[in-house]
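When the chains are written out, they are named A, B, C, D, E and F in that same order, and each has its own residue count from 1.
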Amino acid sequence: MSESDLVTFGETMLRLSPPDQERLEDAREFEVRAGGAESNVAIAAQRLGTPATWMSKVPETPLGRRTVGELRQHGIDTEVVWSHRGRQGTYYLERAGEPRGTNVIYDRENTAVSTAKARELDLDTIKDARVFFTTGITPALSSTLRDTTASLLKAAREGGTTTAFDFNYRRKLWSPEEAEETMTHLFPGIDVLVIAARDARTVLGFEGDPRQLAHKLGSQYEFETVVVTRGSEGAIGWHDSVVHEQPAYDTDTVSRIGTGDAFTGAFIARRLEGDDVPTALEYAAATAALKRTIPGDVAQVTEEEVEAVVREGGEALSR
Amino acid sequence: MSESDLVTFGETMLRLSPPDQERLEDAREFEVRAGGAESNVAIAAQRLGTPATWMSKVPETPLGRRTVGELRQHGIDTEVVWSHRGRQGTYYLERAGEPRGTNVIYDRENTAVSTAKARELDLDTIKDARVFFTTGITPALSSTLRDTTASLLKAAREGGTTTAFDFNYRRKLWSPEEAEETMTHLFPGIDVLVIAARDARTVLGFEGDPRQLAHKLGSQYEFETVVVTRGSEGAIGWHDSVVHEQPAYDTDTVSRIGTGDAFTGAFIARRLEGDDVPTALEYAAATAALKRTIPGDVAQVTEEEVEAVVREGGEALSR
Amino acid sequence: MSESDLVTFGETMLRLSPPDQERLEDAREFEVRAGGAESNVAIAAQRLGTPATWMSKVPETPLGRRTVGELRQHGIDTEVVWSHRGRQGTYYLERAGEPRGTNVIYDRENTAVSTAKARELDLDTIKDARVFFTTGITPALSSTLRDTTASLLKAAREGGTTTAFDFNYRRKLWSPEEAEETMTHLFPGIDVLVIAARDARTVLGFEGDPRQLAHKLGSQYEFETVVVTRGSEGAIGWHDSVVHEQPAYDTDTVSRIGTGDAFTGAFIARRLEGDDVPTALEYAAATAALKRTIPGDVAQVTEEEVEAVVREGGEALSR
Amino acid sequence: MSESDLVTFGETMLRLSPPDQERLEDAREFEVRAGGAESNVAIAAQRLGTPATWMSKVPETPLGRRTVGELRQHGIDTEVVWSHRGRQGTYYLERAGEPRGTNVIYDRENTAVSTAKARELDLDTIKDARVFFTTGITPALSSTLRDTTASLLKAAREGGTTTAFDFNYRRKLWSPEEAEETMTHLFPGIDVLVIAARDARTVLGFEGDPRQLAHKLGSQYEFETVVVTRGSEGAIGWHDSVVHEQPAYDTDTVSRIGTGDAFTGAFIARRLEGDDVPTALEYAAATAALKRTIPGDVAQVTEEEVEAVVREGGEALSR
Amino acid sequence: MSESDLVTFGETMLRLSPPDQERLEDAREFEVRAGGAESNVAIAAQRLGTPATWMSKVPETPLGRRTVGELRQHGIDTEVVWSHRGRQGTYYLERAGEPRGTNVIYDRENTAVSTAKARELDLDTIKDARVFFTTGITPALSSTLRDTTASLLKAAREGGTTTAFDFNYRRKLWSPEEAEETMTHLFPGIDVLVIAARDARTVLGFEGDPRQLAHKLGSQYEFETVVVTRGSEGAIGWHDSVVHEQPAYDTDTVSRIGTGDAFTGAFIARRLEGDDVPTALEYAAATAALKRTIPGDVAQVTEEEVEAVVREGGEALSR
Amino acid sequence: MSESDLVTFGETMLRLSPPDQERLEDAREFEVRAGGAESNVAIAAQRLGTPATWMSKVPETPLGRRTVGELRQHGIDTEVVWSHRGRQGTYYLERAGEPRGTNVIYDRENTAVSTAKARELDLDTIKDARVFFTTGITPALSSTLRDTTASLLKAAREGGTTTAFDFNYRRKLWSPEEAEETMTHLFPGIDVLVIAARDARTVLGFEGDPRQLAHKLGSQYEFETVVVTRGSEGAIGWHDSVVHEQPAYDTDTVSRIGTGDAFTGAFIARRLEGDDVPTALEYAAATAALKRTIPGDVAQVTEEEVEAVVREGGEALSR
């Protein structure tokens, strides 16, 4: 059994993408990487000093082993149920500038993880952790996972483990109505909510500026902490009825996939280290900025680099 | 509507493979190619001078378009039903020498093609062709395709189109019992059968040396022609109650995937050109030998190259 | 014989370019792609729904087959005279930012296409099409092609086929004086002229702003339609004595090679679909903008993507 | 603290090699992999089901983190002292056939690991393991490591941990005389010795056929087990005064680097699983054969694959 | 013995860098290039028409030969002492945008060049040249090289050879105090000093704007010429007590490594051609601008390209 | 002016080849290398210690500079006439095993070198050398080069320079009759002839075994030395009316292109060093064997490696 401070649960896919900005339609080779919101968050937290474990159910195939191996390479522990049924989820990523725009094609149906039941998983790992984290993608993947998500949040609550949740609405997976119905039922089990301002509006039907969104969400559902993200415009933290604003750092973006996960992972790590909400938001924003300079989904950063960004906003060529 | 002499129907997958002999488990990049028995056969026939069309049902996605585009690049016509439901099939190929051995992982469930019904397809294309071809992989993919295969063979018969069929048993798709049950029901609609000696034994339960297998199959099911293949040991052709032996050519193999399809496509093309069975077998063996020197599933050969092999067994560096 | 609505005639070269922005002088590997104005136009039109055929004369070599195969992959039909004499044209492309600037080295002398005579080509294909298209590059390649261009335009006129022509002056192929002399002799056979404002000025000696250039050209040579392009500043359409302005869409450019061909192909396709000139210009500009986000010469776009740009100017990451 | 059954200690280098069989002198790119005898052994053992940990001292730099990350990817645990002094060792590998021959250039002086003292390391990890393993490379790297090797073997003995040792003489690191002097002083602390027949002869001065070498070594130094390896001719196991011969499996070799480590890791794993010496040798030989089909230093195998080789000597293309 | 107009002396390393902006920590392949300030300067000068030779001491290994071969490829002559002791220096380059920033990890201790003594080198090559050049990196590498640098400058003075020196302070090699102490002792032997404004301030303790820095340096140490560089803000030349300002050209930067060396090499070449200081600065700035569009350390430019930038600031796509 | 012992004259092309054994018809990328018989010979000789210069006429373009740069990288001097007219020759190489066979497509018409006249070249370089070398490819390229070849051989004779010539018949360049007519006219100016046994038979019409061919050629044309090569069966040297046989060394071949040139270059170098014919043949065969293990046309070997092959026939992995 793992002894991590942070435990996350969710699906990690193999991401297949043509080099540079070539079209999928014309590709002769794909770059292969592992990517998933919950493992991304675990890695970002680990890089900032919080021991982290990713839990999932994975096919016992070379593709499943490849996925797990890459997550281990990035430093986290993995605790997986190896399955003889169900696929390894994949997604195809076509990077492009405007007006073409980056596009994602999911191929994640009938996966092993979509059959994961709470009773297969080691709930003690969750109960012994300090924080349990998953996202709104997990219950969107299958009705089994809808139940499992609820059960894991319940186990965390029983174990006295803080629960954190990124709303992460994916319109290619379900409708706003389904998402709202499912997620608001989960809210009572959640301590810390991260949500994009756009999702708060279009899925949950809230109105107002991001500060108001944070406040309304926090008050209505009695979260301990709410973080409302708004992409390049930064984030809002609501905690103890106080609202904190955090601008985004300027960055030379090579890949914005995973930026939000980097933010959330760093925020959780710094909160676990004892930082107050404004300080944790600052480190979260710095980690997100560094992530955007790195190819792939994962925030391969060091604590020193994050601190340097907080301190001075990056530095010039050092030799 | 196409006006090809040969029409084939089946699934073509995207094949994803690590470079050289690397392990899937360790891969950072995949080579991408289209591969499928029925399109491979169409291409081999076209390269030997027979206009050929591949029919299928394909998802209207970049992955579906990529598959079709590559087949067109190789020179054949395509006549596809574009579908808004169902996946593009993929397979993962890990090349290796012995004792590891090359391995294939299929990811071809819930594909668009598995839902293809005869009434969606342009049956006139088949009726106007001189030969219709499919393989035992097609009915193995879904019960819908089991019906569709039967309907297409029936349409061919109605149109006076010769039917050719490669038995192609795939143990990762179905059991020998299912295969035998399904295929023997299709046999009355088939004129030309190609079958591996091993499949004749382990699936159909025939016994004897390859000559005997060919003769027993031809007699029992009243085929016009039977070709029994035996890998590097060559092939046997049975026609008009006469058996012809064709040895395999020596070859420096870089990829044996698609060798049988190259053989079959060339055999059909030469028969359509009016060659007798022994001559067609000779060209088929030469095409198969050339295929083995070429990476990928497809026999990218020229008629001149095949003739040179038949004539002299290949030649030295020419400059 | 093809039954395409659009038939184009011209040279398509193999384009050899070092990866990224490396120097030709230092290259260890070249990317290989097919590129030519007339095939680019055919592909862009086909992608917007107009069946298109590219005609040419091509060496019967692996290089010639490679060129034709790539065009077929992109969806168009090809109708080529296979030649045993003459080279496959190539060009070397060195991509660079300013002040180095992208540079092109042509190696296109003594090609097969430069010997193409009208009597070798299937003129019925042109006569049965709705539009015939070529560019000012074709007559610049050889005196034989000067005659051939005139003959093809004449055949189109005889067949009642609309003729479209992109002026496309290339200073590395001939002098402004030669170009003017040749092209103005071709003008009476042309219905739709596309021309860069710069060429109208420096080769044809016209003066004025682009609106004036379009009007003067249209009036003086009695074209049915004139399109004057001006790069990132958009284009002017002149038709029925009315001038329409079309701005260019903003775009994150990865390759501007082929932008004009994308524009022209889309314009022709939409006109064939029945759109009026301003609407066709809008789709042409959208197609050109998408092209600039795509590596290579070819507008690998879908009709849906073009419509999305017209409707909303592109969209954000969709998942 | 790790709870692995097997703990190994040693240096793992970054291995830089030109693609295919290109010359270092001409290289424009290097493949990068981690490789070291002791981590190779740990990985092979882990793949066969024995939890394994690699201990070392590593620079706290991107290069050090890269090395550790790759080992974690391959499934083992790592327990490293992160150092602010000392280099990451590298080696350059030029692959070639005969008569050129594969060549290795070491660049491993002044590394972090060469300064590792026993008191920096967590000796409890060794004491709690069932087997501790290192090789003759370790004491060859520095005088500090000579002392450390002795101390670690002593700690293992104190903890009741079996000690295994691969003689692994490297002539580019020290002279036969130095090696003999150092290693024979270590022998009393070693339970299981693996040694190449050639090293037994040229470094230790023993004579006779491999069976005799095994017997003489075992008797003279009172080892529990001696394994004498002889490359493609197989291996000899000596245990309880009985000698067992194990031939090598035939294999299509793509890389023989790491073959011996694969053998040793599998032998240790199977002995820990309770197999007798002849059975463990059989699995060791099968693992070594599979390794030779895999690029890189590491035996990325599965237990099922090894068992299949033992059972049937590999199998054909499976689909 | 070489007969070059310019002779430079210093270390050239192999530079290992992951593709694109990937992290060293995650790299599977490195691009390999040779890079060193003194060879970069020699190449830039040669490209502008000044025959140039790079002198050094290099290990007689494939890595040493590779380094020398690449410099010869770029057109300069090399005159090296081949050494059987000492490493080939390497450095790892991780390219990144802000806020991550490009980072360099040196692995250049115990190199062959660090042991180079003046008596091993062919001093006549220096005495017969018109200019001798080295940088502040050279004396930073070892105490031996501190003496050697002084001896080479002395030999140049004896031979009537002009001496040029780029201050090039590297904080990863030595402290500002060590640098100041060493370099100011070398100043009396130097005719032409190139120095970054930042180094003049933080290492030498000068104050003022760049014009003042140039004037103070030139006056205090009696240089013939001083060039103060300030990155994207251009450079200042001081000569005969007159100060000349040269702005930097706009450029699409792909790699700024080597920009200063390109500037200095071009400046020296043009001064040798007889240009006055303002003209030489203009060519230097143009060469530097072109360098920034080229991957790698080296100014692979032509004289014609540099002249085109001076004349018109670069030009558009030419075809 | 160069001061090389060996001067060669001829064409060096850019060689474009798909990776691995892919087909030209399917290629998306080409590897780029310089290759030409006369530069290959110069490089092989230089690697064995003979200073060598390659003379030619080359287009003043990035492609021409690239060619020259690569030759310089490999260590030889180049003395070229830079031309503003004429192409850089290229050839396309498709590697394949049997029965496909490696194939070469020349694209070398209208090159700069084909216009090279003796009066453009620095004949003193030839006159001051100890050996001048060219091959039968040179006079095959143009009638101008036929004259030039004769003039250069004449200049060598005037300068007292030994002349060496590799017959190198290329059937894609001219007919056997043309070759015989031209070459036998050149024979009186040649001291050392290298010729394949096959060419002696099919072009010159000689008969007999290789020993007889060597003797007949030597006697009839009064050569000083004749070497008859026969591929993997070794070579025959005839000198002073004595015949010496040299078998070929076994080798793991990755590329046999350039093997003959490696042999010839090494033979010349060793003869210049004073070795007798049998010893020179032994070194030549060893160099040829090493060449076959190296990708590309060029014998990137060291004198030590060649000596090791002569001494012991290669060695095992050294570490």
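We adopt the following convention: contacts are C-beta pairs under 8 Å (C-beta built on N, C-alpha and C of every residue); 3 or more make two chains touch, one makes a residue touch a chain.
Since we're looking at a predicted model, the values are computed, not measured.
Listed by label, the chains touching chain A and chain B alike are C, D.
Think of each touching pair as a link: the shortest run of links from chain D to chain F has 1 of them. Most remote chain with respect to chain D, judged by CA-atom centres, is C. For A-B, the equivalent interface among the listed pairs D-F, C-E or C-F is C-F, as over half of the contact pairs agree by residue number.
Distance between chain B and chain F, defined via averaged C-alpha coordinates, is recorded as 46 Å. We define each chain's centre as the mean of its Cα atoms; on that basis chain B and chain C are separated by 39 Å.
A separation of 62 Å divides the Cα centre of chain A from that of chain F. Counting only residues that touch two or more partner chains, chain F has 23, 25-26, 28, 69, 73.
Every pair of chains that touch is listed here: A-B, A-C, A-D, A-E, B-C, B-D, B-F, C-E, C-F, D-E, D-F, E-F. By the touch criterion given at the top, residues 16, 23-33, 61-63, 65-66, 69, 87, 90, 92, 94, 105, 107, 109-110 of chain B touch chain A in their complex. Looking at the complex, you find that chain B touches chain F at residues 73, 249-254, 286, 289-290, 293-296, 300, 305, 308-309, 313-319.
Listing the residues of chain E that touch chain A in their complex gives 20-23, 25-26, 96-104, 106, 170-172, 256-257. Of all the residues in chain C, the ones that touch chain B in their complex are 69-70, 72-75.
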